[in-house]
Structures are given as C-alpha cells and as structure tokens.
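Chain nomenclature is as follows: A, B, C and D, assigned in order of appearance, with residue numbering initiated at 1 for each chain independently.
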Amino acid sequence: MNNCLLDIRDVSRSFGGVHAVRAVYSSVTEGMIKAVIGPNGAGKTTLFNLIAGTLAPHSGQVHFRGRPITGCKSHTIAGLGIARTFQTTKLFGHMTVLENVMVGRHPRTRAGFLAGMLNLPWTWREEREIRSRAMALLEEFDLAVIAEERACNLSFGQQRMVEFARALATEPALLLLDEPAAGLNIYETKALSERILKIRDRGVTCLVVEHDMSLVMNISDEVLVLDQGQKIAEGPPRAIQRNPDVIRIYLGEDHAANSES
Amino acid sequence: MLRILNLEAGYGALRVLKGLSLHVSEGEAVALIGANGAGKTTLLKTVAGILRPRCGTILLDKQPIQIKPAERIVRMGCALVPEGRHVFSTLTVRENLILGAYSRWSRKNRKDIDEVLEEVYSLFGILRERHAQLAGTLSGGQQQMLAIGRALMSRPRLLIMDEPSLGVAPLVVKDIFNTISILKNKGLTILLVEQNARAALAVADRGYVIETGQIVLEGTSRELADNPEVQRAYLGKEYQRIDE
Amino acid sequence: MDQSSQIVQYILSGLSNGAIYALIGFGFAIIYNATGIINFAQGEFLIVGAMTAVSLARVVPLPVAIALAVLITALLGGLVELIFIRRVREASVLRLIVITIGISIVMREAMLHIWDEKVRALPFFTGTDVSTISILGAHISPQALWVLGVCAVIVTGLTLFYRYTLMGRAMRACADDRMAARLCGINARWMVTLSFMLSAGIGAMAGCVISPLTQTQYDMGAPLAIKGFTVAILGGLGNSFAAVAAGLLLGLLEAFTVSQFASAYKEAVSIVVLLLILVFRPSGLFTRSDIGNLRAH
Amino acid sequence: MPLRRYAPVMCAAAMVVLIQVALSTTGNPYYMTQITMSAFYAMVVVGLCLLMGYAGQASLGHAGFFAIGGYVSAVLCTVNLLPYRDAAVLSALRSLGLLHIWKDIYGAEILSFVPWAAFVAVLILAAVIALLIGLPVIRLKGHYMAMATLGFGLIVYRIVIGTPLFGQADGISNVPPFPVGFGLQINGRAAFRVENYYIAWAVLLGMMVLSIHLVHSRIGRALRSIHENEEAAHSLGIDTYRYKLATFVLSAVFAAIGGAMMTHYNGSIGPSEATVMKSVRYVVIVAVGGMANLWGAMLMGVVLNFLSLRGVFGTFDDAVFAIILIVIMLYAPDGLLRMPPIHKWKTLLTRRSRE
C-alpha cells in the first residue's frame, strides 16, 4: 500500500520463556481505524508497547512513515507523531485538567530551562498559545467546564476523555488507544465510538486495542486478531466475525464447527 | 455455601463491580463467564480477601467474610487459584505445595498433609516427577497444575479458579478441565471463572454471565451454551450463526 | 616481617572485615526481599547490639550478655517495623527512604544520650588484645577467627532456615509473590516484622563480634551500613553466598588500599566501588541471570 | 497573571525589611547574623526543592555541593601563589585581573585569585561535577539513587577531611571578604551586618524568582508530569532523563552558591558542612516545607536553620530534625505548609474578576 503509515515487520518479543509477541506482520494505512483484538494475554498491549517504544522488540522492525523507529526512545517516537493512551489511565493526578492537556503540547513547543527560568518575553507568547490550544481541545471534548479541576477528582469516564485530549494535543499522526472502553458504561462507550470516528475524520489514524466487540465491529475498518502472541487473522470486521479460527479462540471448538457447516 | 449480595468494588476512581449478586451451593460447580474487563478477576479477588469491597455482603457458610483478611478466608476453607497462576517461581515445586498447606500446618496434621500431597501428586503426575525443580522453570500448563495443586493442599471445601486456561496450550487446557471435573465428582464445590465459555460450561452445572460489573444472565450450563446473548457478548452485535 | 607474611596479614584482616560486611549485607537483603525497602538504619542495629552487650557484660557473663543483646536488638527491630514501617507500607520509595534515615538518626542520637561519646569495646571472646595466633608467618588476633566463625555459622544457619523450615519457606514465598502467599494463608505482615527482627538480630551479632577488634562508638553505624549496602548490591541483594563472596572481596580491597593510601581515604574505597557497581552493574556481580529472570515475573 | 506570581515575592521582601527594621530598633541586631546564615542554607533548600518536589529525585548528597562551593572559593581565595609568581600561567592570569595581592590579618602578602574569579570557578566546577555525577546517578531508581548520592556526599567529606589542601579537620580560615560590586561586600563583620543581610536575601529571593518562573514554565510542567507518572510523561514526548539531569545540575549550582557566599561571610569553612547529617537536614527541610512547595521549603529553610543556629535544640539538634522528619513522613507527607494549590487561587481570582 502506498500510503502506509505504520509498518510492523516480523516483530517478536518474549519475557523469560513466554513469547508475548511472535513474528507479527501488519500495517496501518493512513486515515483508517484499525482494531487489535484477542483473548487475554494474546500480546496486544505488548504490541502497543513495542510500537510506542516502551519496549524494544527482540527481533523485527517497526517503520513509521517509511522510517525505522525500532529502538527509538518513547519520547522520540512521541515527537515523531505517535501518541497513546493507557489501559489504566495515566493522568497526572495532582495537576489540573488544563495542565494535563498543556503537557501534551510539549513536543510541539520549545521553551527550555534557561528561557523558562528567565521568563523571556517570547515564552509568554508560546505559553499563551499552549494554553489556548489546550483550551480549544477541552472545548471540543466538552471538558472546558472542568478545566481547573484536579485530574484525580474526575470520574473514570472523564479521566479517559482527558487522556484522550492530552494525547491529541501532541498533534499525532497515529493514535494508539489501549482498551479505551474498559470500565465505561454503555452511553460512555457510545460517545467514545463517535469520538474516535471524529478523530479519524480530522485525519488522525487510530490503532485500537479493545475487548468490546460491538465497539470494534462498529467503528473499525480493519481488525487484527492475535492469540498467544501470533497473528490469527486480519481483515475487515465482517470477515473476522465469520473466520472459523477467530470463533474457535472465542467460543471453542464446537461453535467453530457449527459455523463452518 | 457462598452467597454474594450487592457487591460493589473497584480500584481508585474505577468502579468495577456494580451491585453484583450470585450464589454457589454445596457440591455444585458454577461457571462465571464474561468478556475481559467485565469484573471477573476483581470479583474473585474481593471474595478471597485481597481486595476490600466498597459495600455488599459475602457469606461463606452463612458467615460474613467481606471484612476478613485473605489469610483467614483460606483457613475457613475457601481457596483461590489466582489468574496468571502466581506460583512461587523461586521455590521448588514441592515447597510450593507445602506452603499451600501453610494454614493447616501443625504436628498433628502432619500425616494428613502428607496424604493430601500424595493425592495432589497422583492427580498431577508431572508434579511428582518435577518436585525438586524451581516452579519458575515449569511450562505454563505445569504451572497452572501446580497452582491448582497448591490450592488443594489447604483442603478447601470451596475451590475458586480464575481463568485456568489462560496462556495454556490447547491440549493442556483439556487436561486441566478433565481434572476439574474429577475434582467436582469427588464432591468439591467449585466456582470457575473463564473466558473460554465453551469449556467452562461443559464442566459446570450452572453459569452466570457477567458484563460491566453486573450479572446479566443466569441459568444452567445448557441454557447458557445455547443462548445467543452469550455469543453476542463474545463476538459482537452483528454476529449471527451462519446456520440461523 | 617479610613481604609474603605481610600479604597474608592483609588477606586475613581483609577477610575478617569482609565477613562483617557480609553480615551487614545480609541484614539489608533480608529486609529488602521481604519489603522492597532498603533499611538505612541497618548500621545502627550493629551499634545498638554491641553497646547493649557492653553494658550487660558488666552484670552477666559475656555469652549471656551477647545473647541478650541480640534478643533485645531483634525486638527493637520488630518494634521499628510495627511502629513506623507497617503504617507506610504502600508509601512511595522516597518516603520510605526518608523514614528509615530518620529512624537511623534518632537511634544514633538516642545512643549518644544513653552511652555518650566514649569509645567502648566488649572484651575479647578468647585471649586478650595482645594474644595472637600466627598463620603462615602472619600474626592475627583470635578474635578475627571468631568473626570468620560466626559469619560462617550465621550463613549456614540462614541457608538452612530459609531452605528447610516452614517459616523460612513462608518468608521466601512472601518475597516472591505477596498476593499468592496471602492466598496460601501466610500472614505477610508478620513475615515482614519477622524479617526486621531477624535482620536486627544478625546485625547485633555482627556488632558484638567486631566490637573487641574495632571498638564501638555511637556514630559508627553509617559507615558500616554503606559498606554493608555495597556488599548487598555487589551480591545482588538476596543471594547469600554471593554476599559472602562480595563481602570478602570488599574487605580484601580495603585492606590493600589502606596499605597504599592514607587511612582517611579507606572509606572512600567502598563508596567508589558502590558507585561503580550502581553505574555499571546494578544487578550485582554474581547474579545468575536465570534467577534474575524469574524474579522479574 | 505575573502580578499574582510576584505577590508572594513582594510580601517576602516586605517581611525581610520589616524584620530588619524591627531587629535594629529593638536592639537585637545580632539575630540578623543567624538569619543571614539561614538564608545561605535556604539556597540549598530551594534547589533541592526543585529536585525533590518537582523532578521527584531524592539527593542525600547536597551538603557535598554546598561544601564544594565553600571549599573551592576558600582555596582559590587563600592559596598563596606568591612563590610561583613568575610562572607564565600566573602572569597571564594576573594580566587578566583574575589574581591579586592582598594582606592577611598577620600582614603577610598573599597572591591568590580575586573572589569573583573564584566564584565563577565555583559555578563552573559545581555544574561540571553535578553533570558527571548526575549522568550515571540520575538513571538509578529510588533507593539506588539515594544511596549513590549519599555515597557522593561521603566521598566529598572524606576528601575534605583527608586532604591537607583543604585543611583536613580544621578546614580553611582567613577567607577574605567578597566585594560583589556597587561598593557592597560579603563580609561577616558587625559593621557589614545589615548590608549582608540584604545581600543574602536579595540572592535568595532572586533564586526564588528564577525557580518560580521555571516551575510555571513549559519545563516546570514537564517536571511535574515526570513526578506524577513517568511513563505517561515519556509518551508525551518528554525526555525525562535530560530534564532530571538538568534539574540536578541546577540544584547543585544553587547549593554551591550558598556554600561560596557562606564561606566569604564566615571567613572560614570546615568539614562539618560536608557531613551526611547536613545533607539529611536539607532533605528534612524540603519535606517539612511540603516537597513541591518552594515557599514552604524556603520558609522552613530559614526558620529551622535559624533555630538550629541559635542553639535552641541544644544537644538534641540532630535528633530534633530526625524526629520532625519521621513525624512529617508518617502523618503529613505533603508537608506542614500545604498552601492551597496555585490553580485554586487562580479560580478564586478569575471568579472574582468576572463578577
């Protein structure tokens, strides 16, 4: 594919004797929402960590916009335009919602130690811009009313959204979402899926690990199925739902046999 | 034997269990199935005393145990095989098993403990073979057997298992489920939590389906296995059996 | 004294110092494995033990005084855990560090006010301060042999305890996987208290055996703790034989540096070693990678 | 926005003047000496507060940097180079005005560095040493970092006490005053008491202003985010290692400035400034002040050091600090002076302005 944003080539990673991710090939096309599914322990989060640079693969390579990013530090990768959210939200609890999102502007701004200490005039302008951009994002997410609230005081659903906004503040080309619907109720999940679609529409490619199948099947353009670290299937959601291997790992042998018959 | 009423629990701001109720009768095997993140593991941790519930009641033999620490609950005859096995990887297989009987350790129990150890060894022959090996060097399936064996060492009346098939090769999963039905036939009360719905419902008498911290379905294993709702929970709304 | 016997002399004094460092290192490792805390007050346990024994030795025979001192220090260790550590188990590392440092200073100042600044010493266990034994042409105090002997006994005892007793196994289980240990019915909190007692007791014993050789003063805990910590890190925190080897290595290194440099720099040696290890091999010199891997999960 | 930020600075400055006036008029001017010295110690505390409270790194070796500052300026200002006056290097330095000849109290001629040159050397040296120590040490976690910095502090102490150049146990005395310009000089004699009181406070409040700016800048936000959750900070493109290292160097430089000024003020420095107990004391003060609370740390730095210098705690000096430490850590880990968080003020102010 010519507009391939992320290319995962033969990536493997093991912990001790356990192969968490084994020889996975995959690619993400610009502008799509791709979902990664699989049972618990299938290696989904590990794959995310390998892309985001939190872990280094033992073998294989990851390319982003045609450039190899294997072995890069995660802050470098974030600077290149890959942002992520975490399975258990990792907000800066004692900072305000606004400050959280302002931190997200970090890779796109430049005031350093000396400039900060001396409070140079040009940093005022930058600071104003950081603030207004962050505020704009919060407004877009309908979070402006709680902008001055400490992040640890928010409800779980709100924390998810703030983390979302914070990741977007880095102006990523690719957004990695690790189980964004975990712990959300039905309405929040619905709002979330609309949110993800909106983000895609403004040009941010999304890679989503998710367990909520209705969410996955509703929004994704393509699904990658992992089991025990290996790729089981990859394709459009409809086809995945009918794939006998996928049914087998989710419902057991019998159902797979039924489906095939 | 075990009765849970309106249980609420969670971590920090996250409310995982939202007023959950279920019960397990003496001699029964009950399966609890549901997708990831539904709250299964949280429920078991709360029952075993690792996690404090926010509110609700847990009765074991009609005694409230929701405020008791894990150590006491084991003594009362309720053993948990945790998710992800949690064997003591730097201890030998035999040491792991012996520690399983820690709560009953005393001079006069000596013989009884040797007996249970013998029972566990005959249930899982591989553990006898590898008794001097470090538990961390066992394969995933063997570790799972060890975790079950360790729980059995406390001679529990209620055995709770959290995802015994997780990360275990398919052939070994079969072995493990065979063992579970052997235990059940011996009269042990079992609460089994599984993602592998099919296998779990095959050994259980009854089952519950848990979704976002609440029980959404309840019934005999057969009823649940044939329920389209169960399938929906796993494969998404649009999933329809091709033969329908 | 000729060249070779001088070398033997250095080796012997290095070994006996190293044995003490190993014992202190054990103290660190025992608590670290049970709780993940580095107990900065470990050195003070040595001094408390030795000082208590010195005071008791005036009224009861020496062996009884030492036994009582070890017991009292062990109880003190347990008390420290019950009062301070237990209530902050879930706290951040920074808080725990600061608390154990605070405890060490309070203990030191308390000792200053109880036993004043005077340098004290237990009597030699056998012989006097002038009696020597000659080995390969070198003359050493019989107390040095006591030090080596006590170290050997404690290492063996600890190994047997951890390997073959239910209590020892339970302590290892807690260190390995706290949640699983609780699910087995092990009271993890008491295991932590017990490890503080054990660690304080071993510290007190170490303090008593070196007291005749190096003498004891209220503020000697911190430098000893640094050395013990160096040894514990060198040995990879938790491997008893590696800790012994590391202790002896550090002892030898120090003995030879003293022969080359001013003694004021002697302490700097162990610190430099510590810094180098922290920088280049924080997992320790002798850590077996397989065990390391098992611990990581 | 700037007004709100500078209001506490103004208040502090007013307090400083008020205290001076009060002490002078009530005839207790000698209290000023201890307040001045407390201000020097508080400089270490301000830097350490940035490091511990904002970057989340504990250092148990900051007395080492204070001592480096003091000893380096003491040595450079007192070492007599007269016997080597004809060496090419020295004459070059003399022509640059970095060396001068002065007479000590016994009237002997001494050729040594001018205090300004020594001061610049202190800044550079402290930064370089902090960088070299920090490069490996900042990578370490929790206990290891604490032990490594403790080890660094001990090495400084050992070097100071074991090297004849540093006067061993006696330290270095007869350090000349430091003419800082505008006709002012750092000098401990009674005649200069008020002048030095203001010099010390001007420098301390200057450091406070720089620190406050930093904390409220993009970098400060990044530092706080590192403290809260390092993994998340990383994922937002923050190079945590570099920022922690830079903060470490900055705090070391602050400490060295305090040490250098103190040495010129007292005219001497001794090894007691380099002990582990001193390092621990700085940590205590930051903890009591509330970790990430610059004003709390500064205030506590002045108050506790003042009490200690006045000898209020007697022979229980160290014990008092340790007990304060334990009690604070057990019962009030956020510090005694938990000021309402800055954003709360913000809401108060904005609300009022909208009405």
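The rule we apply is simple: a residue touches a chain if its C-beta (ideal position, glycine included) is under 8 Å from a C-beta of that chain, and two chains touch if they have at least 3 such contacts.
This is a predicted model, so every value here is computed, not measured.
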item: Chain pair with more C-beta contacts, C-D versus B-C; value: C-D
item: Relative to subunit A, chain with the most remote C-alpha centre; value: C
item: Centre-of-Cα separation between subunit D and subunit B, whole angstrom; value: 58
item: Distance from the mean Cα position of subunit C to that of subunit B, given in whole angstrom; value: 43
item: Subunit C-subunit D separation of Cα centroids, rounded to whole Å; value: 35
item: Rounded Å distance, subunit A centre to subunit B centre (Cα mean); value: 32
item: Subunit B, residues touching no fewer than two other chains; value: 136
item: Set of subunit A residues in contact with two or more other chains; value: 16
item: In subunit D, residues with contacts to at least two other chains; value: none
item: Touching residues (chain side subunit C, partner subunit D) in the complex; value: 37-38, 84, 87-88, 91, 93-95, 97-99, 101-106, 108-110, 112-113, 222-223, 226, 229, 233, 262, 264-265, 267-268, 271-272, 274-275, 278-279, 282
item: Of all residues in subunit A, those that touch subunit B in their complex; value: 16-18, 39-41, 88, 152, 154-156, 159, 179, 182-183, 185-186, 211-214, 216-218, 228, 237-238, 241-242, 246-247, 250-255, 258-259, 261
item: Touch list for subunit C against partner subunit B, complex; value: 166, 169-170, 172-173, 176-177, 179-187, 290-291, 293-295, 297
item: Touching residues on subunit D, where the partner in the complex is subunit A; value: 210-211, 213-214, 217-222, 224-225, 228-229, 231-240, 246, 250, 341, 343, 346-347
item: Subunit C-facing residues of subunit B, complex; value: 48-50, 69-71, 74-75, 79-80, 82, 86-91, 95, 98-100, 102-105, 134, 136-137, 150-151, 154
